[in-house]
Amino acid sequence: MIWIDTLAQGLLLGGLYALFAAGLSLVFGIMRLVNLAHGDLIILGAYLILTIAHATGLHPFVAVLLAAPLMFGLGWALQTFLLNRVLGNDILPPLLVTFGLSVVIQNGLLSAFTADSQKLTAGAIEAQSMDLGIVTLGVMPVLTFASAVAVVFALNQLFYRTALGRAFRATSDDAVTAQLMGIHPQRVFAMATGIAMVVATIAALYLGTRANFDPSIGPARLLYAFEAVIIGGLGSLWGTLAGGVVIGLAQAIGASVNPEWQILSGHLAFVLVLLIRPRGLFPRAND
Amino acid sequence: QTKSLKIGYVSPQTGPLSAFSAADSFMVEKFLAAAPGLGLDVEVIVKDSQSNPNRAAEVAKELISRDEVNLILVASTPETTNPVCSIAEQEEIPVISTVAPWQPWFIGQQGNPGDPASWQEFDYVYHFFWGLEDNISTFMNMWNSVSTNKQVAALWPNDGDGNAWASPDVGMPPALAAQGYALTDPGRYQNLTDDFSAQINAFKQAGCEIMTGIPIPPDFTTFWTQAKQQGFNPKLVSVAKALLFPESVAALGDLGHNLTAEVWWSPNHPFKSSLTGESAADLAMAFEASAKRQWTMPVGFVHALFEVAADAIKRTDDPTDSAALAAAIGSTNIDSVVGKIQWGRDNVPEFARKNISKTPLVGGQWRKQADGSFDLVIVENANAPNIPLGGTLETLS
Amino acid sequence: MPILSLQDVSKSFGALKVTDGVSFDLEAGQALGIIGPNGAGKSTLFNLITGNIAPSAGRVFLDGRDVTRAPPMERVRAGVGRSFQIPQPFGNLSVYENLLVAARFGGAVSGAEAPGFCMDILTRTGLAAVAEKPSGALSLLQRKRLELARAMATRPRVILLDEIAGGLTDAECSQLVITIKAIHAEGTAIIWIEHVLHALTSVVERLMVLNFGRMLMIGAPDEVMASAEVREIYLGIEA
Amino acid sequence: MNLSRPLGLIAALLALTTLYALPTFAPRAMVQDLFGILTLLVLAMNWNMLAGFAGLVSVGQQAFVGIGAYAMFAAVILMGLDPLVGVLIGGLAAAAFAVPMAFFAFRLNGAYFAIGTWVVADIARLAISQWKALGGGTGTSLPKGTAKDMAFVGPIKEALGVSTAAAADALTFWLMLTLAVAMLATSYVFLRSRMGLGLQAIRDNENAARSVGVDPLRIKAAVFVLAGFVTGLCGALAFIQITRVTPDAAFSVIDWTAFVIFITVIGGIGTLPGPIVGVIVFYALQRLLADYGTVYLIVLGCLGIAVMLFARRGLWGLFTDRSGIDPFPLTHRPPTSLALRHGDLK
Amino acid sequence: MSPLLQIAGLTAHYGDFQALFGVDLTLGQGETIAIIGANGAGKTTLMRAVTGVARVTAGAVTLAGDNITRLSAPDILVCGIAMVPEGRKLFASLTVEENLLIGAHARQGNGFWTLERVQSLFPILKERRHSPGTALSGGQQQMVAIGRALMSNPQVLLCDELSLGLAPVVIKEIYAAFPQIKSSGTSIIVVEQDIGQALRVADHVHCMMEGRITLSGRPDTLSRDAIHDAYFGVSHA
């Protein structure tokens, strides 16, 4: 029954990757922005939660509620003052600016917090597990996966049930025509990045409780997150979740053959999916 | 008459390895303060490897050709020491190196690590630290003192340290086999892996009661929380590298209690500095006062680097003569704050004897204090009985 | 054997059928005019012939060879040159360089001959004076001329011209007609989409009317123009 | 105007001669510094060809550096060949790897292409990490004395009267300088060739380019494989100097791609001299600020951002726009413009 | 009384390329005017310049006395100018109903046009309200585009080539809605290549060529030949 366990763990891992990727997917889907600083922004979120938790003595799960609005503001400001100026047909300027941002955030955090490993401590829940008979699953990984599903569900509701979501989709379809509807694309983008940062804060919570983090660790999972977004298909949030799960499963299966194959398997799954479907699993019809 | 020369010092002051370098500036100042008394007119040029091996090689080249240093000191992890030593050996500049187990240092610098026949000695680079065999025997001494089923779980990454530990020739597998331990080694994983379920499954299948490995701190945290979640509860966990620094252990919270680790230096080590006469405890206290943080193991070794340097320079007539200085380093025999340092002793295999001097290693256990901080208690000293025990080994369950 | 032959070619964009079962043959050296209201699918038909878009059904033959799946560059080298209705110059390149690209790649003109060859075309199309100007800075009329010139530079055996006369003055239009007649006289087959009927009819031997992607009529210009149906559809004015 | 070109040519030749003569009179530190600069320059020129001229924004250049380096190490350690032969093998190995990489990545566009190349490079890193004969994840060093035994080192040592290490420095420096000059000259010639013209047409309008007979895929693939080859050569040569290789160091996206992108963009993407300007700025900054650790990187990050915000075509673009001087014109002038003027006179 | 919309000396560029050369135009309250002209004459550019989508390089646009030349496109919509863009430009990932609702995105306060009124103007839009906007036929899409523009309750409605690619019956059906739109108080500018249609709906016709207005007049006063000349830029041979 080991393989069931392998699949279950891979699935849960996919949840973590999807959580990393959800914010990226949102921003990528709406404005074709490849945010190379996403990983570092997640780490920034983790430090923010840590600082709040230390200062107030709050549990990280509570501290995240205070961190989220701050991160929203940061995302909004970033988009308004920086990223909006470089959006366009050319993918290079945003790529460069976000990479520059990544370097700045990493080194800024390094000067502020040193390179010491940090971790968010959530208490006893970290080691708790649920015995489901065939498999034993950690409470935190299950919570992570559930949060990923919840985030994707919530974002989907936002996308398909609200006026803001309508504006998101319209702007993403055709920003010029959206202006003719009285939509300010730049404001819409700022909202989107703000929301993406809230999602990043949630990702930070789970990353920070799962393993140690330090200022340099952000980019490590960025590639997996991008893979999840691309496998899922541009603009499809459920696709991103599926993409995360594909990577997670591939890694888990690869690892069960030999840990040497773990990360390689994730990459190979990505290449395989794109060879068969160059636009991902669930591409939008009109791209 | 005073001898004047330039010394380069390379260490990872920024980046992920920077925790190793917390004592750097403190020790450099100490050395510079002591130098005039020893008749030395030295300049120390400090270079940051940024935790990046390419950058380490670059700064080594800079030290040699721009700053024209006469001696290079280098510390902390094979990622820093090896590029610097490789270049210095090519350039024929003497190096004193430390804080990397000797196998990844020596074998890792060989062209073909897999072919012992091809290994060559070095003429200019000298390293002092302990080796895998010390770490292994320290760990096994701890394990032997507890009754277990002798099933050992191993978590070894695909990096310099992990490959050395896993080596069927010089690593842990033959030592385990010799003492009747059975090993479960699922294979080399990449650093910064997010999921260890495959390994945990294998360990559970084999019913391992002992867990060992040499992961980096974030990976151990991921592994150990997952192990707890998935019901893998070994009696003893002896992990190298990941548990060096109190911060990494503190990050584990309750899960950090009673984990065991190798201890290369502590304030309780009964050694004194040959440079300043301070005891290990004095040095640790001085560091804690100046840096406002808990002592760490590299503190003693960074200090010892300068002890060896000062001693070798003193014994060289013309320290700007590379070959003479290298020879003086090779004939070092001092009692330093990390123990005896002397190259060419028979506690190192023939092929590496010239370039390696071993320092003592003992075993320690992290104990969570009432205030949430962690203390490292020495619980095993069979290889170095002169280092006093601070308590007895406790099992996890 | 016809130089170009379409067999029952159709194209849909989603639910919209833009080209609907078009078939015709073009003999070497022949000139065919295409008219039809906006959105009738005229430009789309060109894209299907040149391979810029793939048909949903049907086949395209060049010299009897099935090129339905061949990419545009292969068809250019096989002798199909085209202009774009909305001019698509290589904006950062000069007018001369625009032609050079076409001559060297599409026309397989050698490096030594290319300069003279291109200048000759520029002179014939009245662009010699702006040869060194970046093509992005041209006026609309000049851009349209560049479209024609660039298509000529690929040394086509069939040249497809998409509304290159729109907005010309009388004199300019006559000049254009002379140029096109000259191309025709050299034995190049022509398909010309144009709203300026008198210009068109002075060149072509046959006229095709497209409406809603369907071929409404094909025949001698006089016959076609005489049809009341065509007049209504084409000008939208009940005659 | 008529004088400035030959004068420029003379100045360039003079500079080049000085550069080649450098190891005979300059201190080693300078030779090594210049080696580092030239390494980055070659990498930047290659990336500029891809991203600036062919529109291929690759984030996977470290794959070629790493494969070039590892192939060189394999040639030296496993086959006992001369490192210089190893460098050539490194280039060829990288070019060979570029073919399947292109096959995969060319199916992707824009951002997908960028991420796709990055993933492929990471696959190469992970695969090389499994190559036990070259140390796996531990990496390996060039055997002692490799530099000494390298072809030409002996004669150079004799001729210049310097140490073995300095002679090896001089040799690798000359090779890297030659690679850089060759790359610059080839880029110039290539961009002015038929293929280069096609490339610029593709960059302006791919659809129209196809319609005049340009095959974008073929030209781009040619550029990609060629850039892979030169990047591989450069990586192999660079690692002769570094002497030690690990998968993480050889396939470092930061060292071999990210900084290179910064350099190109700061200097001026899509311009021939851009990488040269960029590498000078980068190097100056590094010298000035390297000892400040984090500050240096923060400044570099901010500079990259600022260039993107305020000078899209980099410092060189800014210069040509302001001054109107462009010593490396890529334009083809019509032949008869002179003749026409003659005609006018008549 | 000053006109509702006044365009004076409007010039627009795409990069180096000048597309409009000092266009003057007025639209009175409740009036409908038509702009005709050949492909590439600059009709769409004029519409885009008025709505703030294209960059205006000189000249002024005033709406009810307010200068709106430099306002952003969304702000111009809020001022009361809505556009039915050339080619419909429906949002592909929005349903028919969402496409209509997004038209009211920036709407402040109430007005005549509501979702119900638009749906009763074009009943098919209610029937197909859950389909993706782009799954409709061309004519139906055009109805969505018109409805979407009306949802902002504009003072001025700009319609760019409503008849493009549509069958005559469908065109008739669409123009049949015009009286009701006019009666809601909206003034209209239609851009048409279908001259007959333009002449039928407009109070005033302007002919454009090469970025300039070359002919203006009431439909009944313009001769077919004059239009033809202006339209094609050549006289009958």
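Which chain is which? They are A, B, C, D and E, in the order written, and residues in each are numbered from 1.
Heads up, the rule we're going with is that contacts are C-beta pairs under 8 Å (C-beta built on N, C-alpha and C of every residue); 3 or more make two chains touch, one makes a residue touch a chain.
No experiment lies behind these values; they were computed from the predicted model shown.
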Chains in simultaneous contact with chain A and chain B: D
Number of hops, chain C to chain E, where each hop joins two touching chains: 1
Pair of chains joined by more contacts [C-beta pairs], A-E or B-D: B-D
Distance-maximising chain from chain A - centres being C-alpha averages: C
Most distant chain from chain E by Cα centroid: B
Chain A and chain C: spacing of chain centres that average the CA atoms, whole Å: 50
Centre-to-centre distance between chain D and chain A (centres being mean Cα positions), rounded to whole Å: 34
Between chain C and chain B, distance of the C-alpha-averaged centres to the nearest whole Å: 76
Cα-centroid distance, chain C relative to chain D, in whole angstrom: 43
Residues of chain E whose C-beta touches two or more other chains: 134
Residues of chain C engaged with two or more neighbouring chains: 91
Sequence positions of chain A contacting 2 or more other chains: 110, 260, 263
Pairs of chains, among all present, that meet the touch criterion: A-B, A-D, A-E, B-D, C-D, C-E
Residue ranges of chain D touching chain A (in the complex, touch as defined): 51, 57, 104, 107-108, 110-112, 114-116, 118-120, 122-123, 126-127, 129-130, 258, 261-262, 265, 269, 293-295, 297-298, 300-305, 307-309, 312
Of chain E, residues touching chain A in the complex: 51-53, 72-74, 77-78, 82-83, 85, 89, 91-94, 98, 101-103, 105-107, 134, 148-149, 152
Parts of chain C lying in touch with chain D, wherever the complex brings them together: 50, 52, 71-73, 76-77, 81-82, 84, 88-94, 96-98, 100-102, 104-107, 111, 115-116, 118-119, 122, 128, 131-132, 150, 153-154
Chain D-touching residues of chain B, taken from the complex the two chains share: 13-14, 48, 50, 52-55, 57-58, 61-62, 65-66, 78-79, 82-83, 86-87, 89-92, 104, 108-114, 118, 120, 122, 157-160, 162-164, 188, 190
Chain D - residues contacting chain B, complex: 27-29, 31-33, 36, 76-78, 126, 129-130, 132-144, 146-147, 163, 165, 168-169, 241-244, 246, 248-249, 252, 254-255, 290-291, 293-294
